[in-house]
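Written out below as C-alpha cells is the structure these notes cover.
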C-alpha cells in the first residue's frame, strides 16, 4: 500500500487518544497528522500537552505535532474520535458535515438509527446503512461510524456466534470492568483499592441495549434489532486494563457443548490489518481468562472465552474477556477504519 | 451471666482461628481455654505459634496458652472448628463422639442430612435436627452444627426474606470474593494484583446447593430442601475482606419493589449477643454496597443490600455484601454458639 | 467536664474534614456546631454535601448541619482547619483576626516565625509563642496553631527522643506515603496501581525543614531551630492509610542500642484525652511496622518504630510509621486543641 | 551466527525459569534443550509441569520438553540456574565439575572469592577470574559465573559511573522491591495489599556487600573490592515487577551536577545481543522513574535514573529503577552468557 491516509485524533490527550497514537505508530495505512484536544492543550506540542500514561514511550512522530482545537477543518483525511459524550454529539456531527469520515469511540451516536454500530467480524454489512445516513443527514463525503461500549466486547462476539447457530433468547451478564475504562484521572485510588464498586454511571443501560443492534440485520433501510433480552450488572474492579464478563445464555434451539464450542471457534474472521488471529480464543484451563494474563492476546484484539459450561438454569455459562482500551476502544476504531478502506468507503 | 463456657478452637493459628480469638476477646459467654493447631505449633505458646494477621493486636489472654494437638480430650466445654476440609470430617466427628459440641465453620458436614446448616435468623428451628443426629450417629452429649460457606452469606438472607413472602424460583449469582476467604498464605500476590480470577476451587457447587438446605423446612425427621435453582459463577477479586454478590431473582409470586424492600427490612431478627442491628441493611446510594466501606457494618455481622431494582429478565436484581471472615465464618459460628446456649443445648 | 467547646470545621467535606467529624463524634470536650466548605456545598445538609469515604458511618449529629461558607463569623468557639494551602493563608488569618482560635492542619503558617508548629508531647512549651503572635499580628482573642506535615509524624518523635539525649546531627529519611495523604479524589488509580511514584509535589522541602522547628527551643522571643540536617526523598505507594519512613540518624554523642531504645521508650508522654499509650511503641518483630497492621495502634495516635539497629554509615537506622490522617492530620489537631484547653488558652 | 548453543535451565518452572524461556524464545545464539525442575515435575512435559505466570504465552518450543531431574548430565552445552539458595550451592558445583558452564542467578556463589559477580557493562574483565576458579576447584571445562541480587541492579550501574569518575565514599540506599522478586507463590496477598513490608529476609546484607565486589578491580589473582560503604534498608511494595531504589551518594571528589549526568550518560555500553540502548537512561520528568511505566525500557534491560539532584547532606541523590526479573535476574544471566560467547569462553 503506497498511500497513507492522514488521520486526525479528536480528544488526543486522553487515555483512548493515547492508545490511538500507540496503535497507529507503525500502521501501514494511517499516518497521524492532526491532534485535537481541549483548550488548555491547544497550541502546545503534543509532548507537552499530554500526560502520557502508557508503558510504551510516546511515539516520536507525534511529539512535536501542535495540538489544535477540536473543530473542523483539520489537516487530515479522516478523524478518530474519543471525545467525552457531552461534547461528542455536536462536534462529531460537525466534522461529518464538513466532509470527514468520523470513526467514533464515543457513545453519542451509537444508538442512532442511521449510524452503524460496528464489530467488523460480526456486522460489516451494516456499513450499507451509511447511504441511509448520508441521505437523511444531508452529508456529502463525511459520515459517522461507531464502535460499541468497551464492556460489550467481552461478550457480544461469542453471543453473535451462538445467535447465528442457535438463536439467543436471554442473556445475564455481570461485568468486572477495569479502571482504564473511566479515563484519566478517572477512578480515585481511595475509591477502588481493596474495594469493588457496584456502579458505573450510565453503563448498565448501554450494555443492555447495544448488543441487539450489533447482532441485528440490515434490511435495506434500517437495522432490525435482534430480539433477545440482556440484563446487566456492571462493576468496577481494581484492574488496570481488561474487562471481564460473567455470562449466562438461554438459547432458542438446543445444542451440545461441543456444538457451542465449534460455533465460537469456527465463527468467520476477517483479514484486516488489525484482525487478530483468532478472533475468539477458547481457553480450557479452569482459571482462565484472567485480565492480566489474557488481555494482550492477539495484541489486545482477541476475545478470550473460558469456563464455558452448561448452566443449571439457562443453557450455557461462560466468562469472556477483552482489552477495554484496545479491542474495546482505540483498536476497535482502527479496525473499523481498516474495514472502511477495504470496502472503498474512504 | 455468671458462668462462662470454656471454649477450644480447632485450627487456631489460621485466619478464621485468629478471628475467633478476636471476636471472643471480651465475649461475656465464652472464654478461650484451649487452642489446637497442627503439629509444628504444638507445645508453643500461641504468641509464638501464630503469625497474627489482624489489624487489632492479639488478645493478651490467648498469648500464653500452649497450643495442643487437634484431638480430644481438650480442656473446654465446646469447640469452634475452622479446620481445612481434608481433616475436618474425621476430627470433628471424633470431638462430637467424645462429647463436645462442635460448632464448625468447615464444609465437611454442611450437606450431611443430619447436620444443621445454620443461619440463626433464618432457620434456628433446624436445631431440632440434632436429636436425629445424636440418634443416628450414637453421639451422647456431643454434636455438630455448621455455618454456611462465606459466599452464601452475601445473598441467602435477602433470599430467605423473598422466599418467605413470594417464593423464590431461580437465582443467578455472580460473586466477587475477597482473598481472606482463601486463608493464609492463600492467594499469591502474583495471581491477583491487577487481576481477577474466574475460578475458586470447589466453590460454585457449594454456592449452588447450600442455600436450598438453609431455606428448607424441618419436617420432624429431616430438612426438606427449598426447591429453587441457583446458578453460581464465583470470582476472586483484589479485596482483603468482604464478599460481594451480584444477584438476579425470579419469584413465584408477583410483588412490587416496595413489597420486596419491606420483606427484607421487616425480616425478623434475633436478640443474641452477636446479633447485628439490623440483620439486613438496604442502602439507597447508587454506588453501595462496597466491601471496604460496608463490610464492618454491624461489627461485620450485618448483610448490606443495595442496587435493588426490577430486572428486565427475572423479577429483581440486587447486590449483596457480607464480611466473609466475620459473618461468613468466625462470627457465624459464634452466633450459632450463642443460639445453642439460648436454646439450652449447651 | 461539663461544658463542651463548640467547634467549626473548615474544609469539612474533605478527607481530613471527615476525620475530624469521626474523631469528634463522642469527644467529651468538643461538639461540632459548624461545618464550612466550598461554594457548591454551601446551603446543603452535610449528609448531602459530603461524599463520605470512611469505613465507619457518618456521625448522626453532623448529618443535618447545614454547610456554611468558609468565612467568619461561624457559630462556634474555635475552628479546626483542613483547607487547601492556596486558600488557607488568607482564610485562617481572617478567622484568627475575628477572634477564633484556629487549629490548622494546613501548611500555610507552619514555618511562620510566630506560629507554633506543635507535637504536644515534644514542644508544648512552644505555645508561649502565641503571645508573640498576638502582639505581632494584632490579634485579640484569636490565634493560629499548626500541626506538622503528615510525613513528619513518622520520624520526628523518635528523633526528638534521640535529640534530647544524644543530640542529632544528620538524618536521611525516605518516605512511603499513603494515598489518603493526597486527599480526595487525590491520586488516580492509573497512577499508583502496580506502581510507586517518586515524587509528591512540594513534599521534600517540607520534610527537610519542619522537624528542626518542632525540635527547636523557645527562647522567650522566638524558636531557635535545632541545627541538624534532614535529607528527604518522598514516595507515594499503593497504601490507603499510614506513612512509613526509612530513617538513618547520625548522633552528636555516642550511645548504645540499649540507650537509644530507652530514650525512645522513656520519652515523656502527656495525659490529654487523645494521648495514646504509649506515645511511641518499639516493635521487635523483624517485619514490623507495617501500615496495614500498625497504623491503628493507639487509635491511630501511637508512633510505631521498628527495625531499630546500628547503621554501618551513620549511627542508627529505624523504620517509623504513623497514621497520616489521624496522628498526621485530624488527630494531631484534636490533640493540639486538647492541649490548648489544658493550658487555659481556650 | 550459524551454530546455536544448547541450553539447560535449572529451576525451569519458577518465575525466573519462566523468564529464561521467554527471553530465549527467539534468541539467535541459544536454544533450550533441557528443562530441569524438582521431583514433582520430573517426567512431565513442561506445559503440564509449569504453572505459567507471564503475560506472553509459553513458547511453543518448550511445551513438550520433558522435565528432567536437576543433576548432570543434561542434554545441553551450558546451564542457566535459578535454583533456590539452599540447593544451588551443591548442585551448581556439581554441574561445573561435570563440565558445564553454569550461569547462575542464585546467591550461593556470588561472594566466593573465585567466582565472578558480573554486570557485563561494568566488570567484564572479572571473567579473568575464571582461570583462578578452574585451578582452585579443579574444574576442567566447567565453571560458574553469577549475576547480582536483583535490588543491586537499580543503583550499581550509576554508582559505577560515579565511582569511575569521582570515587564513591558512602551510599545510602532504600529499596522498593516488587513482589515478583520473591518468586511464586511468594508474597501472600494478605501481607502486601494496602501495605508495605519493611523486611525481606537476607536482603539487606546482600545489598550492602555485593556492589563493592562488582565495582572492584581484578589484580590478576583476585578482586580487590571497592572501598565504599553501603547502608541498605529493603522494603517490599505492592508492585508486580520493577525494583526502585532511593539513593544518596557521597563522592570522594567534588563534581558538578552536569558532570555527574555526563558520567552516567557517557558510561560505555557493550554491543551484546541483549545489550539495551542506552545502558542507563536519565529521565527529567519530576515524577519518574516509575516501575509500571519504566520497567520495560530497553526490553527490561535499561536502568532508568531520575530525580538526580544535589543532596543537602551527601553530594547527590537519585532514584534508580530496573526490571527485577529481566535485568535483575534472567536477562542478566542471558547477557552474561552472551559475554562468555564473545570472550570465547563457551
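By letter and in written order, the chains are A, B, C and D; residue numbering begins at 1 in each of them.
Keep this in mind: contacts are C-beta pairs under 8 Å (C-beta built on N, C-alpha and C of every residue); 3 or more make two chains touch, one makes a residue touch a chain.
From a predicted model like this one, the values you see are computed outputs, not experimental measurements.
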Please flag the chain sitting at the greatest distance from chain D, going by CA centroids.
-> B
Note to self: chain A rotates onto chain B (CA fit) by an angle, in degrees and to the nearest 5, of 180
Whole-angstrom distance, CA centroid of chain B to CA centroid of chain C, is 41
Two or more partner chains touched - positions in chain C = 53, 193-194, 238, 240, 292-293
Touch-based graph of the chains, sorted into line, ring, star, complete or other | complete
Parts of chain D lying in touch with chain A, wherever the complex brings them together | 53-57, 193-194, 292-293, 295-297
Give every residue of chain A touching chain B within the complex, in rising order.
-> 170, 172, 174, 176, 193-199, 208, 229-231, 233, 235, 237-240, 244, 246, 248, 286-293, 306-307, 311-314, 317, 319
In their shared complex, chain D is touched by residues of chain B numbered 15, 53, 179-180, 184-194, 238, 240
